[in-house]
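There are two complexes below, and they share chain A, which is joined by chain B in the first and by chain C in the second.
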Partner chain A sequence: MSIPLPSVLKGLAALSVGIAAGYQFFSTGTTRKALLRPPGALDEPEFLSHCLRCGKCGLACPYRVIKYDDSLSQGTPYLIAREGPCRLCDDFPCIAACPSAALAPVADKRAVKMGIAVIDRDLCIALQGMRCEVCYRVCPLIDEAISIEYSLRKGDSHHAIFEPVINAEKCVGCGICEERCIISDPVAIYMKPRGS
Partner chain B sequence: MRLNIVRHIVQCLIIVLFLSPLIAESFLGILPSDWFFFGTLSSSTILGSVVIVDPFVALQSIAASKQLPAASLIIGSVTILVLYLLIRGRVFCGWVCPANLIFEIVEFCARPLHRWLRNQERQIARKTRDGKPRARLASALSRRVKIIVAAGVLVLCALCGIPVFELISPIGATFRGLVMGAWVGIWVLLALVVLEIFYPGRIWCRKLCPLGGFYEFIGRLGFFSVKIKPGCTKCDKCKIVCLCDPSVLNPVIQGSDVVVRAGDCMLCGKCVKACPDDLLSIKPVLPLGLPKQQSK
Partner chain C sequence: MELSRRVFVKGVAVAMAATAAGSLVACQDQTGSGGGGSGTGTDPGPSGGGAEAAIVKTKGVCRFCGTGCGVICEVKDGKLITVYGDPDNKSNMGLSCVKGLHLGQILYGDDRFVKPMIRDDKNTKGTPGGLREATWEEALDLVSTKLQDTWRNDKSRLAFWGSGQQPITEGYALAKFWKAGLLCNNIDPNARLCMASAVVAFMNVFQTDEPMGSYTDLDLADVFVTWGANMAEAHPVLYSRLTARKVSGPGVKHYDITTLRTSTSKTADKVLMFRPGSDLAVANAISNYLIQNNLYDKDFVEAHVQFKEGAENLGHAYEDGYDASDAGKTVNDVTGIDFARFSERMSTYTLEYASQISGVPAADIEELAKLFGDPDKKIMSLWTMGVNQHTRGTWMNHCIYNIHLLSGKISKPGSGPFSLTGQPTACGTAREVGLFAHRLPADLVVNNPQHRRYAEAIWDLPNEYLDAIEAPGKHTVRIFRDLSKGDIDFLWSCANNWAVTLPRLTRYLGKNPEYKGIIDAFIVVNEPYPTLSTQYADVVFPAAMWVEREGQYGNAERRTAVFEKAVDPPGEAMWDTWIFLQVAKRVLEGTMIGSTPAFDHLFGFVWDSATDDLIADQREVNRRLFNEYRIFSNPDLNDAAQAINKDSEGKFEALLKMENKQLAPYDEYLDNAALTWPVREVDGKWLATTWRFAEGKQSEGFDEVGIEMYGDAGKPGGVSFYKSAGKKPSAVFRPYEPPAEEPDAEYPFWFCTGRLLEHWHSGSMTRRVPNLDNALPEALLYMNADDCAALGISNGDKVKVTSRHGSFDITATTDQRVAPPAGMTFAPFFAEEALINLAVHDYYCPLSKEPDYKKTCIKIEKA
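Moving on, here comes the complex of A and B:
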């Protein structure tokens, strides 16, 4: 006995829905490392519960750098510092646009805590004796969050090393230094998101 | 007045409204936040100051965070709630929800296929069973299942600590994708479209959607309802076109009530137009009234 055509069609439809659902489940189920959240974000578990996934912070951002996650935390905002760092606007339009206080108001840019910058001393050319200081110059909290420390080059009594050093207490993790760093793949300075 | 055409225009305008900040950005170079409206169905900002929030999203967020919500969350969702309650809860489904529009289009386009499927099944039934085709998958479920789904979603939110429905919501999935690059909803939407094509009966909107379930729950509180005049011939033409769930018309057809009170009714106006004797109309009705026997 042959299977009737409607049943074949319905079966195929159900199968394709199943495959789509399975694909979705496995592609969103992959865990990924901590994300760099926009300024004012609550601690990660609280942030995930408060965030409405409404997309307004990204629409309100004048630089349009806020991206939205497509993994398990589907639709929550984050930044990729190398592609678009937070410029720490005076009025924080992203926070103002948040209806659920998942991005909570901050007093000023110094109160932001997105993460901290970490310098890879093996990659940073300053440690090889070259004067770069790009990360230092572009830092919105220059001489507070980042400073240049001088030392004599090892085995060289004439040349100094001008090493950029992050003050973990003061650094807000905006990512501007990572965006501008002249070393790529990998970048010599990167953001460590808060809570990672 | 062709209420149904007005309704389709409103549905399309809603989509244009949500896409307008992106259109303005790419063609006029205006920042979305400087446009008169920006946001998604979850939450939007009008004229840069008025915040509106989908009350069911707000409930999910409150259930997930188990904390006192932000003032803007309460004000925004109460604003929307009051607006819908002034008319009728599920006016959202009938007049605003883009998923409903999509399923209406799919149902319209797939009508020849549905008819063919039905005929095929009748033929098979004639050979194998006692001539009766199997009941449609959609009609096996009660229209109140979606209220349970909505309650289940809220419980799940509390357990997982995240607004779970927002992760996969097919409602407004396109805006979510375009505005936020979060495309998961589009897969759910596509899956539901495929289901709708091969398992007719608007199973998502009528039986399963938690957002619809939420609005059904408060739907009875609205100030507008479909009213019937005496003289019904029980031709069931209204039930054939009913967009939400034909069973909501049973009380007025059987004469046990003069008003369609069920929270499901989304005031689409299709039954009003379908009635051959012009007995149905949308009228202001005080909410929470008791059933009133039709005078003979």
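Moving on, here comes the complex of A and C:
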């Protein structure tokens, strides 16, 4: 019952092979400067000096999304949003587990500041008039951190653009939008970690 | 570095949105199985690709919702590599939603059925295993023997469950096989679950099953009213059109009438949140306000409207014997009344009374009523499942028509009531070709002798041959209830997934020791993928999907569109028409019609006697089937049919006027996807009709030909409802009657079901597309935050939902994508692992027999 691999998938895979090198280089370049830290993380220099590299936050995370990596993070915790974003638990077990206050308590999910989502306007299909807006609908702070702006599509009096717009003041950088984005490799919305 | 990434990225966007081009395509698999396409054109192929095969382009129509977006398919080496919105299609102008953008991938899930499958041990039903591969010969012979045995033994014990996703010609061939070949009315479509209330109301009010307006009204309206419709998610591209009008038209307003805040509510200017079931009171209050304040269109009403009231206090259809009960037998009764009586009945529905029942502020109802009373406002009502899946669904459709008839806002550009459809061809196939238990093609019904004579003429059957199917068959809920009781021996389904989508699955899936019929019955499923339904199948026929064959859809605005075959189906999968006719050939063996074998008589015109198989050229099969079906709406093509249509012997009461539903010849649709019927030949050109019953030039989309032939010109409002009895549609008074269940101490929450943008219906296709599945991987129970707090439920907790009818487990969320008020909950039904229909009740509208999926009462416990 084996069916040949879908050509569309292969087509996209081929596309992603084509650009993977560029993206990898770019994102590695960025992530060396700034990693997406778990919620409550102190500013980067302070965080690095407080973090014991004990791994307790990762064990406490019910979603197992906190990563450690010797070469990239030198044992400090970080997240790759596309693979596993922060779910903004009501009780933040990762923060509770931190023995050194490198992850400091936050009042609630709105007080988290992991980073800010950035929409790649060249990639976002909503900006071309497609009805997508996945990033908007999955946002735990929908209509606060991200909203939709409606405008008439250029050269088309029959259709509107449903443009997702990030509110930098309100976005907490959890990364759920990046995880769910319909466009892959690279995704059309990505996290800019705090301090980068 | 940033710059180089941008360059790459732009390349990707272009490649995805337009044509896969250049060396990127060269990475593709070159071992395709050869093209089966019949494309409209070819490109010379990618530059720099050397000796690669050309890209073949074919035209298609999206196979998801009822919007009917046109798409272009690009095929290379026999594989569908790209699907994108057709820029020349007037309806979607190159756009699509995320589902449409991934259409091509639905063909290429890794678990397609590529051979017929047979279940030898019925004890394996309801499990993922138990099916073995078989040859076509073995599977066809087995199914045919079982069908023939049941048919000869007792026709009432067999049934077919069809679909609003079966292309028009496939549905037509099936309806002809079942009704004329087997002389059996036990055939009903899944449209019973979504459109039946709309259909019954169309027939009651207008005596014709069709919307009078079109999508063009979205470009012209001043006010939009969505009634129980989350268009923003369920009809994404159509909603873009509504939104375009809103952002560009001066002062355009949108009122969302709903029981919970949805994505559609977010763009509305005002949300009228009503208590479940009370929308009838809100609608009646608008009608009453128009009457009491003399704001209705008196000339229009005088000229065009007749008034009625009907049977009331219907109780609720839950017990199996309801249809035959005293209440059940009278549900269709109506009496003609005068306007004074109608006004008197309506007068109960003051703004205050409606507000008290519905919870909608009286001022909000008044604001909307005033707009309906403003002769200068063009108003479009749009509705879907909130209205149709309703214990008083037919009544609620009536209530909306009442408002539009009283205000004269109907059949006019920018103004009209518009019933949206949820499937790509709910109108085109399920409703138009006669897949219902009581219907024949083209709005004809089995219990009307003139209709039977007309069908006999077209099908060349002996006089009174179809009197054998005078009595309507079993409707959907009855079929499955009878199946569960062991009263159905043979069930066949196609293009649907009943084990997920039916309500009250606890009864139907054999989980209740009292109802084990599904295990004993012989069940056949035509399917491309394993689903919960195939887990109960005795035989699975591997079906060609979407553009793996040529077909046609009819969308919500009477638009008929052909999609071409683009690729071959995988393995041994075959198209449904071939499967139906192979079985028909075997089952009808030995049966004669007059002096010819029944099969030859009915299907000889698409059969190749040399090969003893269906004609190999699919286009030709479709053309012949469509052009025969077309006679139903063009009687001048058949003398015997025309004689009955014109009632030349004076035998019948009313003129059939079949030619006013006209379809064009098949080949006209190959070049033109924009033909909304009736399609009239004027000076050698085939002209569509945008506004039914409206005066104006045919060439501009008005119903010039229809009015000239049957109607009266110069009437108030410039319309003539020539299909309605006495040329007057009926305003029928329908009171508010409470829902079947209401929250109480034991089951304190309302539970409403529905659809979300990323997935389509039961998810059997969209969940196999990795990007769509990643975008919405889990069905969640949307709850009000205060309710969660009171129950100690946190966002993301697993909960157990229980109703009087069953229970299921699901993850609860307070995310605001869907934001129910306190006491209300919502979940979508795309996920087999959170099988919400185990708990949903199957109370149905007594008139339409369409179940109410919106108002089950539940309790919620932390799992």
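The rule is simple: the second predicted complex is superposed on the first by the 162 of 196 C-alpha atoms of A that agree within 3 Å, B and C clash if a C-alpha of one lies under 4 Å from a C-alpha of the other, contacts with A are read in each partner's own complex, and residues count from 1 in each chain.
What we mean here is this: contacts are C-beta pairs under 8 Å (C-beta built on N, C-alpha and C of every residue); 3 or more make two chains touch, one makes a residue touch a chain.
It should be emphasised that the depicted structure is a prediction, and the values quoted were computed from it without experimental measurement.
J.: Does chain B (first) or chain C (second) touch A:153, or do both, or does neither?
T.: A:153 sits against chain C, while chain B stays out of touch.
J.: Quick one: classify A:182 as touching chain B (first), chain C (second), both or neither.
T.: second
J.: Counting residues of chain A in contact, which comes out ahead: chain B or chain C?
T.: C
J.: Can A:75 be said to touch chain B (first), chain C (second), both, or neither?
T.: First partner only.
J.: Please indicate which partner A:123 is in contact with in the superposed arrangement: first for chain B, second for chain C, both, or neither.
T.: second
J.: Now for A:142: first (chain B), second (chain C), both, or neither, which partner does it touch?
T.: Touch partner of A:142: chain C, not chain B.
J.: Go through the superposed model and pick first if A:132 touches only chain B, second if only chain C, both, or neither.
T.: A:132 contacts chain C only, not chain B.
J.: Which parts of chain A are in contact with chain B and also with chain C?
T.: Touching chain B and chain C on chain A: residues 4-6, 9-10, 13-14, 17, 23.
J.: With touch defined as at the start, can you tell me which chain A residues reach chain C in the complex?
T.: Counting only chain A, the residues touching chain C are 1-15, 17-19, 22-23, 25-26, 29, 87, 89-91, 120, 122-123, 125, 128-134, 137-138, 140, 142-143, 148, 150-153, 156-160, 162, 179-184, 186.
J.: Sort out for me which residues of chain A touch chain B in the complex.
T.: So the residues of chain A touching chain B come out as 4-6, 9-10, 13-14, 16-17, 20-21, 23-24, 28, 45-46, 48-56, 58-60, 62, 67-70, 72-75, 93, 97, 99-101.
J.: Quick one: which bits of chain C touch chain A in the complex? Just the residue numbers, please.
T.: 1-2, 4-6, 8-13, 15-17, 20, 24-25, 27-29, 31-33, 76-77, 79-83, 92-98, 101, 104-105, 107-115, 219, 236-237, 239-241, 243-244, 246-248, 263, 266-267, 570-571, 757-758, 770-772, 774-776, 794-796, 815-817
J.: Would you mind writing out the residues of chain B in touch with chain A in their complex?
T.: Result: residues 21, 31-33, 38-40, 42-45, 51, 53-54, 57-58, 61, 64-67, 69-70, 72-73, 76, 117, 120-121, 124, 161-163, 166-168, 176, 179-184, 187-188, 190-191, 194-195, 197-199 of chain B touch chain A.
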